[in-house]
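Presented below are the structures under discussion, each in the form of structure tokens.
Heads up, the next two complexes both have chain A, just with different partners, chain B and then chain C.
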Partner chain A sequence: MKKIKYLLLILLLTGCQNYRELTDIAITTAISVDYNTNTNEYILLTQVVNSVKQQDATSSNEPTFINFTSTSTSLSEGLSKIVLESPRKLYTTQTQIIILSKEVIENKLNEVLDYFIRNPEIRGETLILLAPDKEDLKGITIQTLLDNLSSSNIVSSLKESEKEGYTTLITLNNLTDMYLNPYKEIILPTLHIEGNINVADEEINKTSTNYKGTVKIGPLAIFKNTTYLTVLSLDESKYLNIIRNTLNKSIITMPYNEGYITFELYNIKAKYKPDIKNNTITLTIKGNAKTYETITNTNIENKEKVRDIQKYFNKYIKENVLDTFNNIRTNYNTDIFNFRDIYHKCNPKYLNQNYHNWYKEKYPKLELKINSNIKLYEKGKIKEEIIYVKENR
Partner chain B sequence: MNNKIIKKIKEETNNSSYIIYREKYIKKKRIDIIYHEALTSQDKLSDFIYRSLDKIEKIYNEKDFLYDTIKNNIANIKIKKIKNYQDIITYLNNGFVILLIEDDYSLALEVKQNLSRSIDKPTTEMTVRGPMDSFTENIETNIGLIKRRIKSNKLWNKDLFLGKYTKTKISILHIDGISSSEIENKIIEKLNKIKIDKVIDSGTLKHLIQKEYKSIFPTIISTERPDKVSDALLNGKTVIIIDNSPFALIMPISFNDFFISEDDKDSKFMNNTLTRILRYTAFLITVITPGAYIAITTFNREMLPLELLINFASQRSTVPFPAFFEALLMLLSFDILRESDLRIPNIGGSAISIVGALILGEAAVNAGIVSPIMIIIEAITAISALLFTEPELINAIKWYRLLFMIGGTTFGMFGVYIVFIYFLTNLSSINSFNKPYLMPYVPLSIQGLKNSIIKFPLVKRTKRDKYYSKNITRIINK
Partner chain C sequence: MSKKIDSIEFTSLFILTFLSSSIGLSLYTTIKYASINSYIGVLISFITSIIPLLIFIFILNYKQEQNIKEKIKHLYGKYLGTIINYTLIRLFFIVAITILFNLSNFIVSQYLSDTNILYIMILLSVTLYFSLNKGIETISRISSIFTLIFLILLIIAIFSVKKEININNLKPFLEDGINDPIKAGLINSLLTIIPCFSLLIIPKQNITNNNKVIKHIIIGYIISSIILFLISIISNSILGEYLIQIYQYPAYISLKKASLFNFIDKIENFFSLAWILSSFIGIITSLYYIKETITKSNKQIINIPLIIILVIVSYKLFKNNTIFDNYIIKYYPINLLSILIIFIIISITIIIRKILKKD
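For the complex of A and B:
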């Protein structure tokens, strides 16, 4: 019984520090950060859940979330300034996405990463997106239907796009790693707004069958150091993901025999074998594929033919991967494939010697050899190809 | 001489109208028949005692001792020789009839009236399968119920009488060869030192032999099931049966014993293991849930998925009270409801359930006093506590629940962990009659583990727990 006195003393001496009731917090799900280079100020936009609304979501016209804005020279001050407008203090631990503008990354990435990584109320797993245009930062103000919160909408869409190979998930931890690691370059998934943003944040966006304005997940944006270069095309994003070994599943359409064949790729794995002496990297792509559509006049019952298609497909992948690599290298001269990192892991001494002339000498001369070994293992529900059957009967 | 004794009894009992005195002469020898009307059976008295005395009058030879003749010819089994005045009082108060023979030894003959109820179904410890008899208030019946199950000479008992006024009979049982009489001797030694005026029930005795202030967890199990008692005896435990109480006391016990039901014997080991895991989980739920809920919603909100957090926040948006107060309010009202349910007669039961379900549940939510999620938390907490039949354990759970709530309110999940560590250290420091309470987990006992949170098939459990029994072989041939 004596011990219980000490126990109660320990507990009561904590002074209930950090105690906050659920009714006192504004649950923040998304933050977008912009930077005005003229005034040197951050422009913050936050999405806060309207927790009162959720209880009777169908009956009232209240929105499911509210957006608060503030401007300040420092991020922490900017976020704390939101209480001037909001009746509750921001609770940012559940933040799902942080959207950064081009200006932030080019000018203030150091400060932004420092604040978010240092802040215990922001998770390292928070997803980071790039808004290529200033308008796109307003993606978190749009009313959406399937997910009540537009941030959840963006996260779900982003995760599904990642599964299909269109983009890559970059968390706060990943971004910090890419920023701090001298052997890596930054890539970020993008989002952009389609339609009319001026009505998209109103209830009307949810009452019509077509969104008046909507957010779309875009392909990957590439950087050199912190300089923004471009946004790749969707196909380039896919092949970039194959090279970076971040693609597991995707759909690729290949022109074939005056028609086309669509393949679904599964379990794609890429392996590197660097040959530092000859400045060569051998990339072996392995995996499985099955045909989705075969709109071509070919007898796919014939095993020889199928073997032919497989061979042709592997060649097609090899060419496209190589094209993507060459295109990015010649146009932008940025090593977003992390080849420098591979060299460093393989032979740190060699890379440190050549670190400064990497982009001048080593990288432009680097040879990428590709072995594609994707196996075709399924032809779909029916045995024969429809066009072939119709024309040969 | 007889007159002197009668006068003394009358003086001591304030001339009680229930004590009947009757004189009878056998061949001019005076016999005083004394008995307590309320305790004795009139039928037995007239059928056996009076008729026998009439018969004895005819065969009595005046040269013989009357005491011997009565002793040899009376139609009654239980005959006691009276040695002193104290004996007369003892037997008189125990339903004997006293035959005071002039100038000779006196006799006490048992003509006890059956004042106890018949053997009923157990009401506090129900089972689906298993025996349906339970102890009564009569110590002889209770011993009989045990003896019916253990037909062995090795079931030894030691009796003593306790209470200056009540003179309650207490039987301490153990099976010789399976357990030692060590605990029995200790208890007797302890009880002999105590001078107490009354022992009415098993509860009083329980507090006399255990250290009541040491821990809030019970170190003795009280049961009304003879099969549970027999099983405990055969596992090397000691049992106390007390007169006028339908509850026997089993000791020493371990914490694990509260999670074992008599129904378990009927179910297969695989199914039973699942049930045991369920019981342990229910225990943790009933102790920790309110505290963990408060900790998670007021400190560690990052532990919740976003959608759940939004749901919690929206449900709590109309409640003006802190989460701790809200939880306390619900726990208090449920405990009041439960306590009142125990006290009121069966007729009022439905009224209570209406009040409980409608007013405390639905109306309180609509009025914005508590949130629906708190009702769910409270409901799961309360239902989980109903798995345990020992009322003392439920009371201990209540205290710890409150402590966990304080931990959660002041320090979040860290507070809950701190209280949990305190809970574990407290639990492991308890001894039940010098046997570790957290057996078979701490100290580890392989034999005990086979019948704990996991259960092994019966044929695999060939040995008794070495901590309870010196003779550990249970099954010799598989």
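For the complex of A and C:
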């Protein structure tokens, strides 16, 4: 009986069928997906880590990653077809980013989401970016210096841009939620290539102090349903993030007294108070600001002056937030601010009655009232303005 | 071998059996019925489960030296008693195959997608076999350690996820009325507390310091209900109304967002480990009930055929997880309701006998 027990125990030590040797897998860190509307085919580009590269002189010239391409009518088939070129099967658990083209979002978003969200290897926290131009999809082929993998380079840059308020991180789960939720519209961070892409994917791109070609994180792209509308400006992205309560920190420069003051906003919180009866939303913005630069010839030691600057700054924020809201609403008529969702959460009956005329009647007449209460908190290491001290003392 | 167990150990068996259906069965069904208001369903089930809990305590207190098999025989005589006992064996066997498939399916869908589910079942069944061989004292001792691990892992998981919680995702509050959450609550009651009735196979007299066992069970019930509620509200508030409906194991997915102190990631695995442990105990208590009812003494010979049948039936009955999902919604609650009805009848019989002063 004991022997049988030990024999059974051996079963536990064998590992499972999912077990794969490291030398048999192609660790995928990024996938870009494009769609050709003429041939009805997906065009896939993957970034795979070069796990053969050693830290010695013989392999120092080898790239740190390899790109594989494939075309197919279905995503899973496309990704599996990569083995025709690659000697190893794709291992997508380490995928950091998925880059989608406009054509994919407009034509095949449901299929793409279904594949990625269903796939147990891909985490719902994988970041999604939009490539506004076809060329931008090649962002994962670029050789970068500070990060060995361009996908890590993009992820780090994206996360830092988000911390500065230029963009928002959108994960696979977020995108699925925006797509499934009938009260939300899609927004996506973008990336674009600058410089010469033909040289950027070669080792030469890493041997110069200036990249020959590089990939940059862009502002947010906005959609209505799944129709691509535009890429916002950096400032619009920041103010949109304030309205959506997704901005925590950002740098804002305000013209003042024939000069300018630059503030760093932090701990920014936006609260909504909808008044559905009067079709009004009151947005209260609270937080703190540090003074980063001040070129205004003003005595910032004076309490009254600081109070004036604070008042002016809050007015400035209020105007810019309102301008961003009005511009997006007037030019694109898309509710990327999630106001419809807020209405639905407060009064689902009312919203369901007005769901179909939201864009025709309710949204165009919606009044956004803004209260900005950002407090100027710090001035850095010096108490006064250099210009003011120079000219007045 | 003495079959004495401690009242804390008995309570930990109760807690883990209660939570064995937490993320797979309970959350799945409450979401199916009440969508974003599933946490209200869980809250309602806290109240509705009190009645089955009282029945459990009432039967446990009756004829403290006898287990439920003997109590049934005492109440209904040899012939009818055997029929009821064998009906209960069948019903608890269904509970065991359901939890086994649910657990194996969870492992296959989230971790080992290329592995055949039968292979996972066999691996689990080997461990089940060893535990079953060791008897209730070892099982209860394991479960008291498991409960402690479970609670620690859960606290870590909840603590690490608190940043991701967005209360706005819980709105709109009761958009389609209270009926669906009530339905969800009633089903949830069945899913969670009914498997605990298998613990009635342990006579109260076999529990040391059994004067405290009722108090411990009530505390255990409150702790388990709070855990279940927290799991439900966290999943709802992290994933929101639309995402929560598409995932098969939303609690596990919602914890994927968590990281502890910004550098410990993959916290969801802490939670899944805790849940695997509780499911394991859930299956063992049902199997132990069957084993004790079938055999007259503690014969281990029954363990191997019992486990082989368990694996074969679970594997053959649920050909795929679509069949299993439909079964959980349509048929499994009926099975659990049947168990509840039998125990209600037993309690009524006890009350009548007490009134008639036959005992």
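Criterion: the second predicted complex is superposed on the first by the 375 of 393 C-alpha atoms of A that agree within 3 Å, B and C clash if a C-alpha of one lies under 4 Å from a C-alpha of the other, contacts with A are read in each partner's own complex, and residues count from 1 in each chain.
By definition in this document, a contact is a pair of C-beta atoms (placed from the backbone, for glycine too) under 8 Å apart; a residue touches a chain by one contact, two chains touch by 3 or more.
Computed from a predicted model, the values in this text were never measured in an experiment.
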Broader residue contact with chain A after superposition on the shared chain, chain B or chain C: B
Which superposed partner A:181 touches (first chain B, second chain C, both, neither): second
Partner chain(s) touched by A:145 [first = chain B, second = chain C, both, neither]: neither
Which superposed partner A:117 touches (first chain B, second chain C, both, neither): second
Touching partner for A:344 - first (chain B), second (chain C), both, neither: second
Chain B versus chain C as contact partner of A:386, first or second or both or neither: neither
Common ground on chain A, meaning residues reached by chain C in one complex and by chain B in the other: 8, 11-12, 16, 18, 123
Chain A contact footprint on chain B (complex, rising order): 213, 297-299, 301-302, 306, 309-317, 319, 322-323, 403, 406-407, 409-412, 415, 418-419, 422, 425-426
Complex contacts: residues of chain C adjacent to chain A: 109-116, 119-120, 122-123, 126-127, 129-130, 168, 171-172, 175, 239-243, 246, 253, 256-257
Interfacial residue positions of chain A with respect to chain B in the complex: 1, 3-4, 7-8, 10-12, 14-16, 18-23, 25, 27, 29, 49, 51-55, 91, 93-94, 96, 123, 152
Partner chain C, residues of chain A touching it in the complex: 5, 8-9, 11-12, 16-18, 117, 120-121, 123-125, 173, 176-177, 180-181, 344-348
